[in-house]
Amino acid sequence: MNFHRIFVEPWQSHAAHYWPVFAMALFVTVACALIGNYLVLRRISLIGDAISHSVLPGIAIAFMMTGSRSGAPMFVGALVAGVVATVIIEVLHSRSRLKQDAAIGITFSTFFAVGVILISIHGAHTDLDLDCVLFGKMDFLPGREPVFLGLPGVTVTMAALALCVGLLIIIFYKELLLSSFDPALAASMGINPRLVHYLLMAVLSVVVVGAFTSVGAILVIAMLILPAATSCMLSDRLWVMLILSVLHAFISSLGGVHIAVALQVPTAPASVVAGAGIFAIVWIVSPRQGLISLWLRNRRSDQVAEA
Amino acid sequence: MSNASGDEPALEVHDLTVSYLRRPVLYGVDFAVAQGSLVGIIGPNGAGKSTLIKSIMGLVPVSGGWARVFGGAVKEQITKVGYVPQRESVDWDFPVNVMDVVLMGCYGRIGLIRRTGGEERVRACAALEKVGMLAYADRQISNLSGGQQQRVFIARALAQESEIYLMDEPFAGVDAATEVALITLMKEMRDAGKTLIVVHHDLASAREYFDMLLLLNMRVVAFGETGEVFTGELLQQTYGGRLTVLSEIADKVAKGEG
Amino acid sequence: MIARNINQPLAVFLLLVLVTDVSAARIGEIIENDPWEQARRFFTFSDPGLRIGLSGALLFGATCGLLGSFIVVRKMALIGDAISHAVLPGVAMGFLWSMEKDPMAILAGATVAGLMGSLVVELIKRTTKIKQDAALGIVLASFFAVGLCMIRMIQNNDGASRITGLKSYLFGDVAVLDRQDVVTMTGVVTVTVMLVILLYRPLLIIGFDREFAHSIGLPVRLLDGLFQLFLTFAIVVALQAVGVVLVSALLITPAAAAYLLVNRMHHMLWVAAAIGMLSAVIGVFFSFLGSNLPTGPFMVLGASSVFLVAYLFAPRHGRVTRWFRHRSRRRDVSNENTLKSIYRIIEKGSADNDAGSVVKIESLAGERRVSKVDLFADLRRLRRVGAVEFVDQGGDVMLTEIGIQQARQVVRNHRLWELYLTNEADYASSHVHDDAEKIEHFLSEEKVAEIERQLDYPVVDPHGQPIPGRGEA
């Protein structure tokens, strides 16, 4: 195993083949990364996880009714399931002495269980199976009919979705910033924080549903949080964080495709592994919050104390 | 200095320094409290009152200095020290009743595995009686008012039968009747030779409640008999704007080091 | 004392499991039978594979319930979820190590991975600005992704022959449990139960008030580590039957249901253990009905159903229970208001309000300011308890002796309270009526007596109306 074989050959021989996979991974991770920044800032990261699990029964039911794995019915089904789950979480923890974490855990596991049962009853021979829930279906993209720049339709849709999320964030930048940082002040200035919250949840649901077919139900949370967590160790400014998280998304999807090719594993978990790797590296070497600088500082202050 | 335990200060704090995220919150705190005193710690928000108590208890890491209880490290004298945390620090929906909470005060003495028996129960009942909560022994704690919750916490401390008590804001958010009952109880405890160190937020009542006051604002501004330190100038120093320089330096240390 | 009680059933249980036939057919292999036939087979326990599956389900159901209780009250629900996902690479490592489904190797690998997961969460929280929720998400998904990649690599190398064994770790399949698994489980469960019993009080106090636990010198860190270790054990033990993805639900949901049902921690432990076992058995039953159905999701649905029942019908906190209580309270108030209205009409009309006075429905509806339909609902209920009687085919009503007593009491409460507010609380007499309208239904006998004493047994309210005496005394 030399450098050339590991790092160069895959790209020479399979570049064209993996272009749609890479593009899809990029668009999914970029869309997730952008919205993920706000989840991390608002400390509601696990709502993203809950929604991504909860959409499963909606998708399964829509799929059983229409028999196809793309298009509007599935999207609507997923959205409805996601919204119902968020409402149930809210009701459970505001109307009983149950705490939010338990409410989230109970709700999404129930929804997910229903989804898994529906899929297993329906049979494993169809297009939607448990592998899809775990790994996503990104690796089957090269077989699809290309419509634009060698990319199949779903990828183009995802690209449009990522672009929309980006535009929304640019347009509502200061409203989102203010209502995430200080909801009370935002409300006093005429920005309804509940409205912002539910809009954010709606956009999140759309992104999660869009990502579902590519990365499955369980790995979405990584795409949402890893970029934001990495970039918040490098910067304190929100707009810098947003840019850095897009960069993280880019590198992790590139690395993901590479790992997938090199190890013959599905691209979705491979991208998460790549993203986690970047996070780990940044965690260690980050100039201000990294483990190394922390250790150096501790040592220095010990020396000062001794002196 | 004699070795008789009666002369040993109940609590001695020497050059205690605490930093949070490399930002100092307490500077070189020095004081010693004689046995049988009722001491109030007062100071503005963010002065480090709770931090001081927690660092004495070893609940937050200290970056320098030490605290001793009856001449020994707090860890070794743990059964002699009772700690009453802020009421908000626990989840009052927790599935326990009043008696369970008070019995927790006896756990420190009976060790890890042994169970509580009749003797502990008697002690817990006596403690509840003293704070006027015996009738509520079987109540689920979520049904208590703020004042009742605080009474239960004090009862738990009584059940510990410690020599010195560190109390974090025991009067915050309690009704007037409870406040009177608790301060009366604390004075009784002092008269019985216990030492009490109480974080307090209300300047007006501090003067009549405590024998001694510790004015704190990131460092000890003054410590002594209430009559001596409860002066306009010292209070101005504690609450006034003079310490902005200190916190500015603290900011600089936090940033400059990094 | 509970320790003694628990060891015996466990020993009997172990014996039962060990005598079952090893070479028995696996549950999943029975395909052709229809659901009814399968249900019959389930309840006769004739299938040895089923017996093993059920024993396993009972064992890990109980463990999950016990440890889950601490998780729920400590608000660690999502930590359980993170650890359960984080064990996946450990499972794959254990599999690689032994190259077959060796429960001990997998248990060891999964435990190490789970503990590493919680360690990394702790480390991220302590060294960076990242908050708990994001730290959990990072560990959960990253470890899970590594596990998925490793599983796929194993599958690539080994072909399909061993896939079934690994796949059950993701969504759960009770049918793959064998006797050795159940023996391992029994060991883990016994130790867990012992731990919970011996360390119940320290764990309770850490859960309720961590700082206080520190302050009385409990080894909090050590106990936390021990708890995490056993939590990981419990997750790993349930892993094959429930699956990585859903095992956290079996920790959270039964315990949350118990949390709604009872008020004391030690009750909660046993109730949660019972619900955990029930959910596990429900899961085995339903997955037994069809072929190739994953067990985990059915167990989760079983637990969720129990939770739903608890949420709706719990004796004190249940939604439906509370609604009924609320409704009966509302009805009592409405009844009392009607009685009061009758009394006042009689009071206005004649000086002597003896039991014979008859009141017209129309005038009553006017006084009471409600529709006749609502009024009749009240009156029918009042007749049932013998407080009023209908006269003249229901056109008029009159109070019985009981009714008069009740009406007097309400009016008395009302006027006493008005007087109390004006005299003692300095309310203007024009402002006290509305408050008294509410308070009159909630004053206890003792309170009334106390107010009476304070006001020196008054006879007239602020508006000059007489305050009826207690009974005729």
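Going in written order, the chains are labelled A, B and C, and every chain counts its residues from 1.
One rule holds in what follows: contacts are C-beta pairs under 8 Å (C-beta built on N, C-alpha and C of every residue); 3 or more make two chains touch, one makes a residue touch a chain.
All figures in this text were calculated on a predicted structure; none of them were measured in a lab.
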Self-check item: Of all other chains, the one whose Cα centre sits farthest from chain A
Solution: B
Practice problem: Could you tell me which two chains share the largest number of C-beta contact pairs? | Solution: A-C
Quiz prompt | Intercentroid distance (Cα basis), chain C paired with chain A, Å | solution = 32
Practice problem: Measure off the straight-line distance from the CA centroid of chain B to the CA centroid of chain C, and report it in whole Å. | Solution: 36
Self-check item: Rounded Å distance between chain A and chain B, as computed from the means of their C-alpha atoms
Solution: 46
Quiz prompt | Where chain A touches two or more other chains, by residue | solution = 97, 99
Exercise. Check each residue of chain B and list the ones that touch at least two other chains.
Key: none
Quiz item: Going by the touch rule set out above, which residues of chain C reach two or more other chains?
Solution: 75, 259
Quiz item: Across the complex, what residues on chain C touch chain B?
Solution: 73, 75, 198-199, 201-202, 204-205, 207-209, 211-212, 214-219, 259, 262-265, 267-268
Exercise. Enumerate the contact residues on chain C facing chain A in the complex.
Key: 72, 75-78, 80-81, 85, 124, 127-131, 133-138, 140-142, 144-146, 148-149, 152-153, 156, 170-171, 245-246, 248-249, 252-253, 256, 259-260, 290, 292-294, 296-298, 300-301, 304, 307, 311, 317, 319
Quiz prompt | chain A - residues contacting chain C, complex | solution = 39-40, 43-46, 48-49, 92, 95-99, 101-102, 104-106, 109-110, 112-114, 116-117, 120-121, 124, 130, 134-135, 218-219, 221-222, 224-226, 228-229, 232-233, 259, 263-266, 268-270, 272-273, 275-276, 279, 283, 289, 291, 294
Quiz item: Taking the complex as given, what residues does chain B use to touch chain C?
Solution: 54, 57-59, 75, 78-79, 81-83, 85, 89-91, 94-97, 100-101, 104-105, 107-108, 112-113, 115-116, 140, 156, 160
